[in-house]
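Same chain, two partners: chain A is paired with chain B first, then with chain C.
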Partner chain A sequence: MSNRVVGQSVPKIDAATKVRGQRKFPQDFNMKGQLYAKVVWSEYPHARVLKIDVSPAEALPGVVAILTSKDVPVNEYGINIVDQPVLVGEGEKVRWLGDRIAIVIGESEKIAQEARQLVRVEYEPLPVVSDPREAMKPGAPLIHEERGDSNILKHVKIRKGDIEKGFAEADVVIEKYYLTPHVEHAYMQPEAGVGYIDEKGRVTVIAAAQWSHDDLHQISHMLDLPLDQVREIVPAIGGAFGGREDMYIQHLLALCAYCVRRPVKMVFDREESIRNTGKRHPYYMKYRTGATRDGKLTAVEIELISDAGGYASTSIPVLNNAASFAAGPYVVPHAKVDAYTVYTNNAVTMAMRGFGSTQPAFAYEMQMNKLAEALGVDPVELRMKNLLEDGSIALTGNPMPKGVGIKETLRQAALGAGWREEGDQWIKPDLGTPSAPYRRRGIGVACGYKNVGYSFGFDDKSKVIVELALDESGEVARALVKLGASDQGMGAHTALAQIAAEALGIDYEKVRVALVDTSVVPNGGSCSASRHVYMSGNAIIRACQEAVRKRQEALRTGERRVSVEYEYHGRSVRPTTPYDDENGMCDPHISYGYTSQIALVEVDVETGQTEVLKFLAAQDVGKAINPEMVKGQAGGGVHMGLGYALTEEFIQKEGLVKTRRFSEYHIPTVADMPREFIPFIVEVPDPTGPFGAKGVGEMTTLPTAPAIISAIHDAVGVWIDNLPATAEKVWWKMREKAGMA
Partner chain B sequence: MPTLKMILNGQEVFVDVEAGDLLADVLRDKLGLIGTKISCGEGECGACAVLVDGRAVDSCLYPALKAQGREVTTIEGLGQDNRLDPIQQAFIDKTAPQCGYCIPGMVISAKALLDENPHPTRQEIEEGISGNLCRCTGYYQIIEAIELAAERLAEKGGPK
Partner chain C sequence: MWDEYLFPASLDEALEMLEAHGGEARIIAGGTDLVLQSQRGQCSAKVMVDITRIPGLDYIEERDGLIYIGAQVTHGQVAASPLIRSRAGVLAQGCGSVGGPQIRNVGTLVGNVVNALPAADGAIALFALDAEVEVAERAGRHWTPIATLYAGVGLCTVDPCAAMITQLRFRALGKGEAGAFERLAKRRALVLPILNAAAIVGLKGNKVERARIAIGPVAQTPFVAAEAAEALVGRTPDEDRISRVAQLAAQAAQPRDSLLRGSAEYRKVMAGVLVRRALWRAVEAASLQEGEDANS
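The block that comes next holds the complex of A and B.
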């Protein structure tokens, strides 16, 4: 089949309304008679709430209601483990700063704002646990006494081959410790929305969300209402990156509407958004990697400790993912992994682009580059000797499914950067002259891979309805695709519309994708794990094929409408399995995307400042449904990876937040980005993907930091093993190296 | 309440404001122009950029009354007779918007830049949007869109 729409960079389905400023985001909704709500946040990272006095706030004219824990029918929620109170009541504990004491609802935003400052809360401070390595120790103060006698949420074990034997076979062993920081999602649209009671009496929320059908379950539990009495509508989302997979405002809006039976609007300001919502997990990573003299990996021994913060969120699935990717996209015959995630009083940590595959990518790629240096082998060549291929046995003992494109991504990136391939040898390019005498040039390489779809035996599925409207002559006049797939900005709806147009054999312009409204669309699953193109794309293709058949019938009967519902299950083609308790062997993931990146940098030896001159990013997406959108994902992934490498660190001291605004938490501006950016689209098809497609969103950020940090080492000879590599950190390291520290 | 009079998107408007009101809030809440976005609320991201007498300002910091008697252009005021401004069209053609939350501010900054400097170098484009943060795109397609708009405008004989 030759594709007419798939593979074309058609305009994004929502681009025109976005450039006109017409597209409505959650803060753009207003309802008649609406009230305004503000949250009273915890002032301590760990404390017992002794007394909540709302009377001075209540006395303020215009205050309509002040909600406390007593107003919540079932005062608990949680995406994975139900361990979070919606509001913390008297006698109960706050476990991080983002815990909420009360919600103040008033006639205007100003009144609500003023009233929240009048709520008096007395606390008894408790010892703060801010380092997961301390929190793991027996006798550490417990964050969740009700959950047993340890702060350790989960320990994942992988035992592959014979680790002693593996290290005995090694000629070189590299042992290092790595640390990655808390990272803020920093989507540009802060949390906002409206809660109200709809015309059918349903508690309804308009807000940004990544998986509204899952929010619905949590909200119905919290309000003790049947599922059909709650509803969520998702308008345009101003970025998410994992940060809207948990509820940070949805349930609060629902609670407000439920309690006061009037529309209630709530908008977080930037400081609230940074201080009180989840982050990417910091990981503390101990790596020991062995290889033979000729560059074959023999063994890895890994310890991962992740900081879950005050509540579990998705820390366990993130850890599961991290462990399964801990050895990188390489064949390693002998391996031992121990991975832990641990409660602390730091910020809650959660999904963020990569979902646990980003942190180990920093460590395993730094190890590879150190190994290359120790062996005196080119870093591209060393990787080529060890990279996964179709059928290779991965860390968890499973053969890799067909479509492993990692070598091809590295080949394209390396050739693009000027490497020469001579037989099995790879020869690094000349880097040219630095732009000033006090600057040094360096180049760095890194790879990564990421699952597509939900893993470890989870029944990942997507349900879709495709409706056709036929014209007089029986041609398809319009097609409507209904599914609960949030488009957080990456273009999911555009890609899915392209897939539908292709499968129906109609023009892209004739396809509409319905607004996500749980009262209208079926559950398409989460907008995460880079999964919609693969999972929902597969569902749409099958629904469209059925719709095409049904249209033939309609032509006979004169019917003008065709409607098909289809639910696609990932396990129908690739069943996954959970970790074995003893040795961790399993078949963890449905599908994978692969990536390689190369950074050329200049480091100022007087200041330690790094400038990335040129960046090459190759991603194997199986099939680019929309090549310009793939490039957009690459640019965005590299942006986030560059921030991870050089500028971004969400800083807490004893659980208190030090970086509350963009002038303190630095996401890269245009001036920080690599001057030259060269994306490569690699298409090694996954035979089970729609048109061979895999996924793209997350993996583009994985190798960026290790590529840049290795380039810094190439330039000035220092290794920065704890991110980010700020100018100060690089400067100190250079002094240390020169023996001046 | 003082009355603010301004030329908003080519039309004279009168609106009652309080002394401390900020232009962004007046535009969004009193005039319903939701295309102007608020992201940081403190002058650090450019999402709220509008043109005041042709220059891009952060409306989240700009006192509404300071716009007294001035010409204010928001994203809704770009383009004519329902046709897109060439900058907006170029943003679509280059797949520049992802989530789109930064995009009105980006387009406004680009408009201010190209009105002032119709043939910017890449460096000048970067400077022109250096006050606009975007978390989605890495900025590349936004830069390409502005380059494309400049090219197209040059063919047509300059902006406006």
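The block that comes next holds the complex of A and C.
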């Protein structure tokens, strides 16, 4: 089947208006008579609030209101577990720096800013728990006394086969401990927005959000209002990466509007955004991997401990995901996994590109590369012997659904990097001459896979309305797609418009995707889990097919409008199931994307500094709806993975944040990106995906760090098992190896 | 933030404005640091006196073997200047390492000096070049060695609320002379250095006639490793000698443990690495120069 629109790199639907500066982002909205709000943040990572004195602030001319916990109708929220106070009141505890004591509302931003510094808060500091391994121990200070006698939020167990037997069969066993750090999402646009009461009296929020329909539930609970009395509008979003899945400003804007009945604007500056919003979970990972002499995996034993920070957020679903991917995209007959997520007083941790599949990818790929070294086998060859195929039994006992493209991604990346395939053997390329006598070259390989859609029995669904306007002759003049799917900047609306155009048989230019306004569009589900192309794409295809049928009717009746609503459920094609309590067996995910990456680096043996010269990234997306956007996701994912591998350090000391600016928290610049970047689009279709498509948004980050770290090892012979591999860290390891430290 | 923003038309007017506001006004040029400091409440000046529209402060020129750089000249202009690149390449390299392109296109080299930070890439190169600075006050103008401006981290002896630096000068590198700049940082742009180093070498025959080494940030002010440089003078600059001199420089440097920059031990060793590389590149460039007419 040849497609007219799907598979074409059409321009992004919002590119022109963004380039011209016409498209509004949340901080661009201003309303008549608007007030300004500022948050009074916690000063301690763990303390009891003894006294809040707002009177000096209230006395400042121009201050309209100061909201404290007493002003919140139902003072609690949380995306997964309702364990967060909106505002922390007297006698209550702050559990991390991002807790809020009060919101100051004034006639100008300057007044609100001045007034917030006048709010006096007395604290009784409590012991700070900053290491989840300490927090797990009996007797550790409790973060949430109201939730029982342990800081452990969740323990996931997987028992597959017979672990003793598996290790007895192994000729080689690799046992190592890995640590991945906190990561800041670092989206371009800090939190901002306006809250107001709309013409129908609804509490309305204009802000960036990943799942506005879920925000509504949380806001209606907080304000004790029926769902139809709250509304969220999502304009252009300056990036999210998971960081806007939880509410960080939406509920505060709603509360302000609800309390003062006037428009209220709030904008976080970068320091507020870095200090007080969620991060990627740090994972502490113990891995023991066994294999036979000829390179077949026999067993893996894994312990994962994740740092949830002060509140649960999505730490449990992230842990569920991490555990299900812990063995990597390999067939492992015998496995034992114990995964824990634990409250601490560190930054709250949450969804971030990969949703728990990123952290174990570092560990399982490091294990594979160490295994390859121990066995004296090429790392590509070792993987080819163990990678999943259609029908392979995964870690959780389920057969892999059709469309497993992992081997093809590795084959294309390896051939692209210069590997030679000779029968079953793979032969590493010559790496060329280093650019300086004190530099060494190395190459590293890594794979990864990631679920598409919500998992573990969750009824993941997307509802869409497709409206057609017909011209005089009955042809489709315009099509409007309405669904609550936020476009964070990655191009979801473009891909969905392409799918609609293809399904309707009309030009891409005739399709519009409605602005996300919960009073107008139906619930498309979260803009996360790489899911919109798959879930909403499937909904759109079906709605469009129905619209095409209805158009035939309209041609007979002379009707000029056609409207169809359709809700697609993932379980209609692939039902998923939750973990079995005892052995963890389940069918966890709906669909999967696969990826392999290869890094060529040079390491300075005197300074420890790494430069990534060349990077190859192959992603199996089933079908590239828009190839340029797939390449964009690959570039963005690798950029994020490169920061994870080499430069990004979110430093906290006893719960206090030491890196609060971009001059201190170092995301890679364009100058740090590989000089040569080669993306490969692999298309092994998932028969249940729209046009065979899966998802691409997250998986491109997974193999980047292990590929780079393995390349460093190839260059200078040291393994960096805790990220990032800063120059100094590599230098100390080299000294250790040389017997100098 | 400030209350008033002024554009003087001449140097005298700028100084009058400073005097008229009695310590409440200060000079601003590129503003890449000052605007941030002002936003963060770290600069109390109520009035900004912007010198970027004063005619005649935008030159990079050579007179009688000295290179003069006016107060309006940006890092980007220094880095791109053919004169600087051929006669003071170390400074072009230093200025080319500051911040990112946007900052280099706005921030001035004189501003880099006024900030008095021991890590400033432009200033480290100027220390290696043994630059002088012209200070203009109501009482008149005078030249002073660059080192006399530095009283501590971020402390400049020229009070920007009462005086201004009008220009810089240093001797153009000639026949048999060359310099080089080295930098180690957490990423490749927009970041303060873990360490930086600048070296100048003058050769006569196969012997070093003149050498100067500057390192930052390893002390309260840019650090000149004078004894180490002295150990190179009169010697043949072979690999061994350069390594030994670099070791001397590293021993004299006093980097501290820094959460963001790294451990003192690492940085001390790195000081030696950077100085060695800078010296080696300077010697190589100087040997090439020696055979040629340096002005060509």
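Here is the rule we go by: the second predicted complex is superposed on the first by the 740 of 741 C-alpha atoms of A that agree within 3 Å, B and C clash if a C-alpha of one lies under 4 Å from a C-alpha of the other, contacts with A are read in each partner's own complex, and residues count from 1 in each chain.
In this section, contacts are C-beta pairs under 8 Å (C-beta built on N, C-alpha and C of every residue); 3 or more make two chains touch, one makes a residue touch a chain.
Owing to the predicted nature of the structure, the values given are computational and were not obtained by experimental measurement.
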{"item": "Which superposed partner A:Ala671 touches (first chain B, second chain C, both, neither)", "value": "both"}
{"item": "Partner chain in contact with A:Ser150 - chain B first, chain C second, else both or neither", "value": "neither"}
{"item": "First (chain B), second (chain C), both or neither touched by A:Ala727", "value": "second"}
{"item": "Which superposed partner A:Lys658 touches (first chain B, second chain C, both, neither)", "value": "second"}
{"item": "Which superposed partner A:Gln609 touches (first chain B, second chain C, both, neither)", "value": "second"}
{"item": "Overlapping contact positions on chain A, where the chain C interface meets the chain B interface", "value": "662-663, 669-671"}
{"item": "Chain A residues within the chain B interface of the complex", "value": "9, 11-12, 14-16, 18-25, 27-28, 185-190, 236-239, 241, 269-270, 488-491, 626, 628-629, 631-632, 634-640, 661-663, 667, 669-671, 673, 677"}
{"item": "Residues of chain B defined as touching chain A within the complex", "value": "28, 33-42, 44-45, 47, 74-76, 78-79, 84, 88-89, 91-95, 97-104, 107, 126, 129-130, 132-143"}
{"item": "Chain C contact footprint on chain A (complex, rising order)", "value": "606-607, 609, 647, 651, 658-659, 662-664, 666, 668-672, 726-728, 731-732"}
{"item": "Residues of chain C that touch chain A when the two form their complex", "value": "100, 184, 186-192, 194, 259-260, 262-263, 266, 269-270, 273"}
